[in-house]
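Two complexes, one shared chain (chain A), two partners (chain B, chain C).
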Partner chain A sequence: MTVPLTQCLLRLIDENYTLTDYQSDIAPRWCTGCGDNSILTAVQRLCRDEQLPPEKTVVVSGIGCSSRFPHYMNAYGFHGLHGRALPVAEGIKLRRPDLHVFVTTGDGDCCSIGAAHWIHAIRYNMDMTVLLHDNEVYGLTKMQASPTSPRGLKSNTTPRGALLDPLNPLTVTLGVPNVSFVAQAVDWIPEVLFNIIAQAYRHKGFSFVRVLQRCPEFMDHRFDPWVQDPSKMRLLVHADGVQLKPDISRIYRNQETHDPTDLHRAREVASLTEEIPVGVLYRNSAVPCYEDLREGERPNTPGLIRTVLNEEFDKVTIWPEDGGATAPAE
Partner chain B sequence: MTTDLYQEMDKTRARRTRSGTSASGPASTVAQTAGVKSAPKPAVSLKEHIVEIVSDSGEGAQRCGQSFGAVAARIGNGIWTVEIIPAEIQPPARSIAGASGNRVRLASHRVTNGGDEADLVVAFNEQVLLSRVRAGEIKPNGIVLLENKWRNDGNAAIAASYAQVCEELSSAGYRLYEIPMEEECVKYVPDPRRGKNMFALGMLCSIYSLDLDLAREQVRFVFRKKDEKVIDLNLELLAAGHAWADANLDLKFVIPAVRPREPQVVMNGNTALALGVVASGMEVCAMYPITPATSASHYLSDIFEKVGCVVHQAEDEIAACTFAIGASYAGKCAVTITSGPGLSLKQEALGLAVMSEIPLVVVNVQRGGPSTGQPTKVEQGDLLAACFGGHGDAPKVVMAASSIEDCFYSIVMARKIAETFNMVVVVLSDASLATAQQPFPRPHFNEDWLAPPINQSPVPDGAKPYDWDSRTGLASRFIPGQPNGMHCLTGLAHDRDSHVAYDPEVNQEGIRHRSLKLAALQKTLKAPTLYGDSEGDLLLVGWGSTRGAIEEAVERLRAEDLRVSSMHLKFLQPMASGIRELLQRFEKVMAIENNWCDSLDDELIAEDNRRYSNLAWLLRARYLVDVDCWGEVRGQPLKPGAIVRAARRKLEQR
Partner chain C sequence: MTAPRTKTAYEGDSLRRRRDVRNGNMDQVALDIASPRVMDADAGPVMISAGDAALRPALFARYGDLSKLRYDFPLVLVDGEGGGRFLQSLTSVMDGILREVAPPEATAEMLRRQVLRLECEIRARVSRGESDTLSSLWKRAAADLIAEKGESLFGPLATKLDQAREALHVDGAVIDCDENTPYRVLVHVWTAVQTSKAKAFRKKVDALIMKLSDILKADFMKSDKAHTREALQSAVGTSFESAFDFAAMSRVLSRGPSEDRLSEDRRRRIRAVLQVLQSQRFYGPGRASERRPDQPEPYSFVFDGCAAALDAFRDRLPEMLDFVKALTIAELEIQNKYRTSLHDPVFARFDKSDLSEDQLAHFPSYLVCLRDGRTDPAETVRAFETLASGLPVKVLIQTDDILGTTSPEPPRSSFGAGSARLAAMAVGLNDTYVFQTANANLYRAHDRMVTGMRYDGPALFAVYSGATPSTAGVPPYLLSAAATESRAFPTFVYDPAVGPDLATRFDITDNPQATVDWPAHDLSYEDDALQHIDEKIPFTHVDFAACDTRYARYCEPAPRANWRDDMILAVDYLKLAPERSVEHHPYILTIDADNALYRTVVDDKLIDAARHCADAWRRLQELGGVNNSYANRLLARERAAWEEQKAQELAELRAAEPPTPEAAPLPEAAVPPVPAPAAAAEPAEAEESVNPDEAWIETARCTTCNECTQINNKMFAYNENMQAYIADLNAGTYRQLVEATESCQVSIIHPGKPRDLTEPNLEDLIARAESFI
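This part shows the complex of A and B:
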């Protein structure tokens, strides 16, 4: 049967997702100037570019400002428990590798209450895109120091200044065996943010992107030195990493050609303190994904279940007429 | 019996050190001396016996006991085995705390519990024996078969301790047989510590007149993963033990067996749980290692991949629960298996599953609590935590397995309820069921047990993710992949569109509908049947693993013409209709549980401050009936004898 050309065209239009197809009917309620907005836009743009069917896309989050993210996506969203986005996403991906899984999490959600899951999620290396919205402060609970807050930060729980050095999510991630993709982006260079999220999505494995984002409410001016002085931003460029468009390249002249397979250099770059590195720090496509390692060879059919149950029962069955041919009980 | 005689006997290597009568059988025949073949001894016929085998950890008493029970089951004896487990993997040798082994209750009828005190015990040293004696687990005039190598131990302290225990037990009335187990075993195997257990199995087969060929098959099966040499060696030891006991012991019993008409399977409760998971069609089990639940996951790990499914060992209990929730959300209902402390850790996640109406099966193999408590010991202390453990109003289904067979079917039923009502179903088992073995009719797999394939068809226009039915509270469930069903599931209060809502009406409505689902389920439950007459002076009420012991107690009490019946609850939340009427037919009602309740005998305890046992709280609150309670938290399964005594006291109270 042939399909008339007009119908084909109509179907194409129908199947061609546009940006609005990924926008939910709820308008984002983040503060004006919050970095979350630019991350949302980048993800929606990615979904459009990759033409991800919304019903095949799942966005999982924990609790915090950034974890409201799934409410603003027209996709399947899972806004669960504080700190537990990653294991939920793992459970989804394990049974449904056909779904595109995104995780949005904050610095408190991922690096504090959910830290154990974060470390192990890196090890599992399941195919998902993980966006760490790092504004270095607890926002939803109104201004407490987070594990990534700079030392000295005055907050409601550290009125005389935070006492400890912050945890560095990049070096921590790069220190875990099976790490397969680590990148850093900043909300104030949206073009590069989008580019990095796209590379993260295309990497098969646990793609970890830390996005430094401004919190105008509680951490206003925190990143001003870097926002105002592009030379303090170090852009990591590479044929297998970020490639800058000329207009961006003209502004951000502090560039380093960094090979994302170089783990040693990635760790050095991740440790920079004066400058903020932006780009793909590390990528290793050879690390196996847990869902592939656990993939059953045989489908779970009623017939198979019957066979396996009978095999197991046979091992422990006492038959009415014991001919000696049956297996003894365990 | 004097010490002199012991020494005398030691010289002549006679094994029998004391004459006497067993409670279960008449006086035995004359003692035999080693090396002299005797004519076949007449076997004393018994209705039942309780046998214990105890050793240091790693000496194989557990394997011996399990094999013994399995052989008895194969000839058609009713059996119930109870594991005697030390808390440590390698406890110090020859220590009271280190006793490891098995109790096997075998009978000519069906057995539903481990019974009271043991009639016969095989012990590999006097310390592990002492631990059982001190715990009151051995009948005062019970038969004791004790490894005698310690009598001449090079360490004077050990030899003295051994001699002292022997003397103590003999004068206390135990029928002590000192057995040269190692001396005999060393003829076959260089390290008799490994292999002595098969010698002991041989002895037990002789004593209880069990078919040696069946025992041989059992040994071959137990060692099937070892090479032929190991199997042959163990078979030799088995035969040696059998021949030695035939020649040297005056103990010969037979417990008449009736071969079952239907095929029976023999397994423990954790194996039954694992097979139930397979039979229910669940595809993901997420767990974190915890005693005594782990062996269910071990077994499942072994077989689950054969049906294309996964046991995921998560990084912690919370991850195990949330992983299972994720798997359930995007696919078929998943299961997480844990024990008490794990249930506490999962509570927040269970609240999320309740709030967002994701089906989930949670298995709690209870152990002694609170805190780390008694990891290897039984307790039924988690009922209220299972019902009410989380914050806020989080209605979940709570059911309890009451036998090994029930462990299997409970999981099948739990999965079905979870997916029909989109609810969390907690299945309670415990350390007693986990390790006890009992035969039950071989299940016939039914495809109706399985979940249907997940729905991936488009959601009709206008359908809402929480289209709560105003009568039953039931709502449909949209599964990722279903076109047109996109919504954001949330643990926040939400409306029918799954939109976050703090509107007073919306929260009221959401909680009402989630609560109604329990009522809808309750309407489908049948009232429990009573064990015994339908009215009388005393009704004992229980749940979970205590069923066999309670019903045996009721039988004994009824044999004394006492008007006692019992009721056992499978569903603890919700409870079936008709229970109040049943309670009211009895003069007195008493909950019998393996958990704590204050005793009115304590000076400070009165009606207005007494803490009741778990189920008693629930029954009193719901039915306004004056339910008394009795329970123990000794880490042991409740014994029928203890229940009989508690019931008699209750009947005597005015």
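This part shows the complex of A and C:
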């Protein structure tokens, strides 16, 4: 197997991106202690390790604390409308399949106003890495209950406590046809968070990673039981999933060998309540990506698109009889 | 079944004939065999009629009128992609239709019969030489059937056939098995593979053209020219032009800061690359290429001689080099990775010696069609030179006659020599894909042909057509199938791409009963007493040669009444030692036009040819891993060594046996050493020894939350992974250390003991730090 000439010539160019190459000039304005910092660092580490050219990387977000993410990345970014990160990302991927697309979205952005897009994005299975920053509250707007808020949470919109059980983004995702990658991470185990995001990036398809993320301002101490007691964290390990380094393995001894191809077990694990599962719950590389299914055999050139559109418009155009415009010649 | 052994004139005649052949007395032989006859046991030689002389191998009995049989032919050369199946048999197409519209469980027996009747009609038309597409033949055959039945064009039969036709998903030329079939099939498969290659090529090149055009377009949009009033107005179009003040827009845009433009050098380079990509002639232009009236036609890649193909390759080489360079530059430009200082010298030096296989694979392969007996014999030599060059040239050598003429008759090489051995010789070229098969097997060889056509290097396809003029009366399908059965033209493939060794590259499994010398098949017949008899009859090279009228003079058919005990099947005769062979007469079973069974006694000439053929077949078997002589020899040697070793061990054991075995103490059973008890399930991990008096951070668990760095960014800093570590303990107070410890979200800071014992409120701080140490 010979190396293509282009690859050989590319090797002549010594590009070595460091982590700072992915840091924008804007310092993160997240609260001190916010778990978003950990996610940002993990993504920047991934970009560095994979040597993703910044000009070939794009981060798309909706609205919320987490959606400030693109501002802090030195890459293309799209800080979009509330709940609409996924359609924007899909459009980018369709038009520019050569770009590495990351989506950062919050529990309100994704699971509430953007829920319809979320469900269909899973079904479309387009190749992108989606990070759901789940702090179980609307933080940017100073604490309102989100779809993932625990029952009984007192907030501005639920002063007597949230009435409903929270939505579980993992079980929802695992229940949608064409799901191809589902993982859960927590911001307070950064090595595993990085490992999971890296696996999500390398998976071809819609890689959904829910990151449980602490909000020190409005959900302070919410995750303390799990942060302070590693035995309450269940780490899913597998040769094709997360593999723990010894120093992490020594702390988090509650481990389960979980085969990521086992959808049934993935759903069981996703439903755990007392323990927080961390790892790759499900992976199926055989699910086709929408952009591949949709890709035509021949490219649609601008000229061709213009011609076809004009033909279609001409079918319904009413040409004024008294001049002004004239009907096209047959 | 055994005929009574009687002394007849025949025996002496046959022996004399074979002796004369050995002595080279050809005039006498010719004289003897000029009058084909069977021997009557009592009345001496009996002349037989010309019709009776057309004897065929007995195993042909089951194949009468091929146009009435459902088999691999006619073939449909499928138009378009056909789901990756470029050839289909008419039978398989019709079976597909029946599965769709008349599955067996459905009550559609009438429809099934009508469709099969239609198939029969199409088959008959094709066998009569009618040549057209399947859809056209279907239309005409259906019209005939409807007319034959006296129904209207919209009657029940027409409705049923229309229903079936809706399930016809393929179309293409329908061809029978004849002398033109190998050429048509190979050209069709080559074209189909090139079409799919062209599609991938255009997709790649069109994408590059569009991206390069986008780069130039984006650059143009930054130019002053794009900011003129006219350009802006043109961009908006006429519909809403009154809503804008284009002059004002132009003024605003021209006052803005100048944007980065492409360098003139880069613009020129991209335009040059676009020109090469858009004007290539290896394939037709894609969607992204401009079509100009004066644009030259794409190149042709089908040739009837290797010299012409090689000349064309050499002539087009400069264009190929330009195209490869343009393709590579385009890929670099699109990634914005073209560096003039690095890459210009590379492209300046790039020449034909730098062309790699994967680059050549972008271009169409060259197809050269040769036909033994019609093409200049020198082309065969050139074909081997061409194949040896390693260029992507696909050579078809069609052979119509593998037995050759009988005159002049060299003693050994008149049979099976020449073109029938070309493919086996080409295997020695090592990098050439070689496929040999017969016309009758082409349908089943679909995947082999496609693989060869897709192979990046050279490929040789040797096909025996079965259209040997001297075998009138035997259809090409039957004769070519017989050539494979008789090992005269065995099927084999050598594919250098599938593996590193002969065991994976060479394959003879497409041959019938590939592990034996001659394949055997069932023959059923009735004896004199009208009793049914089943026999396994081998089909040998002798049977195949007997089909050829040029060799009829070496065959003498004997009706059942003349069968004798000293006649033995040719296949058994071949196994006899030379000294015993004179006692027997080799025969093959043949049939006449009425399917009456004969024993046709054959001459040594045919027996010798069969021996040569079997020898060549065994060499192929060895290459294919059957009865490999090296393996057999090695096996024998190892077995001998093993037996010798065992015999020696036995002898030693016997020698060591005490005279009174009952008194000897039984040897203790060998007790395997007891394994040491398993270590603890998990070895205790070496805990890092941490001095509780020293401050430290579990850096790997840091979540980059900034708590500690905000308290003192000199005492705490981030490493290359943006995770905190203690940079300088002396850069702050113990109080700051304890506060950072307490505020750490994941409690990974361990403050240790204070260093400066004069720091105020130490007792309180030490107490607060206690739980984190």
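Everything that follows uses one rule, which is that the second predicted complex is superposed on the first by the 286 of 330 C-alpha atoms of A that agree within 3 Å, B and C clash if a C-alpha of one lies under 4 Å from a C-alpha of the other, contacts with A are read in each partner's own complex, and residues count from 1 in each chain.
Here is the rule we use: contacts are C-beta pairs under 8 Å (C-beta built on N, C-alpha and C of every residue); 3 or more make two chains touch, one makes a residue touch a chain.
Predicted model only: the values in this text are computed from it and were never measured.
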May I ask you to decide whether A:R45 touches chain B, chain C, both, or neither, giving the answer as first, second, both or neither?
second
Touching A:E274 in the superposition: chain B (first), chain C (second), both, neither?
neither
Using the touch definition from the top, say if A:G35 reaches chain B (first), chain C (second), both or neither.
second
Quick check for you: in the superposed arrangement, does A:I189 touch first (chain B), second (chain C), both or neither?
second
Who does A:H120 touch here: chain B (first), chain C (second), both, or neither?
first
Identify the partner contact of A:E55: answer first if only chain B is touched, second if only chain C is, both if each is, neither if none is.
both
Considering only the touch criterion stated at the top, classify A:R95 as touching first (chain B), second (chain C), both, or neither.
first
Could you figure out whether chain B or chain C reaches more residues of chain A?
B
Look at A:L304 in the shared chain and tell me whether it touches chain B only, chain C only, both, or neither; answer first, second, both or neither.
both
I'd like to check the shared interface: which positions of chain A are touched by both chain B and chain C across the two complexes?
53, 55, 297-300, 302, 304
Interfacial residue positions of chain A with respect to chain B in the complex
24, 26, 53-56, 58, 60, 70-71, 73-81, 84, 87-96, 98-99, 116-117, 119-120, 294, 296-300, 302, 304-306, 308-310, 312-313, 316-322, 324, 327-330
Inside the complex, what are the residues of chain A that reach chain C?
2, 4-6, 9-10, 12-13, 18-19, 32-35, 37-38, 40-41, 44-45, 53, 55, 187-191, 214, 216, 227-228, 245-248, 250-251, 297-302, 304
Chain B contacts chain A in the complex at 66, 70-71, 73-74, 76, 213-214, 217-218, 220-222, 259-267, 271, 275, 278-279, 281, 283-284, 286, 303, 305-310, 312, 314-316, 318-320, 322-332, 334, 348-349, 352, 356, 439, 442-443, 445, 447, 450, 478, 480-492, 499-500
Using the touch definition up top, name the residues of chain C that touch chain A in the complex.
199, 202-203, 206-207, 210, 286-288, 324, 328, 331-332, 335-337, 339, 342-343, 346, 354, 356-359, 685, 687, 698, 700-707, 710, 720-723, 743, 745-747
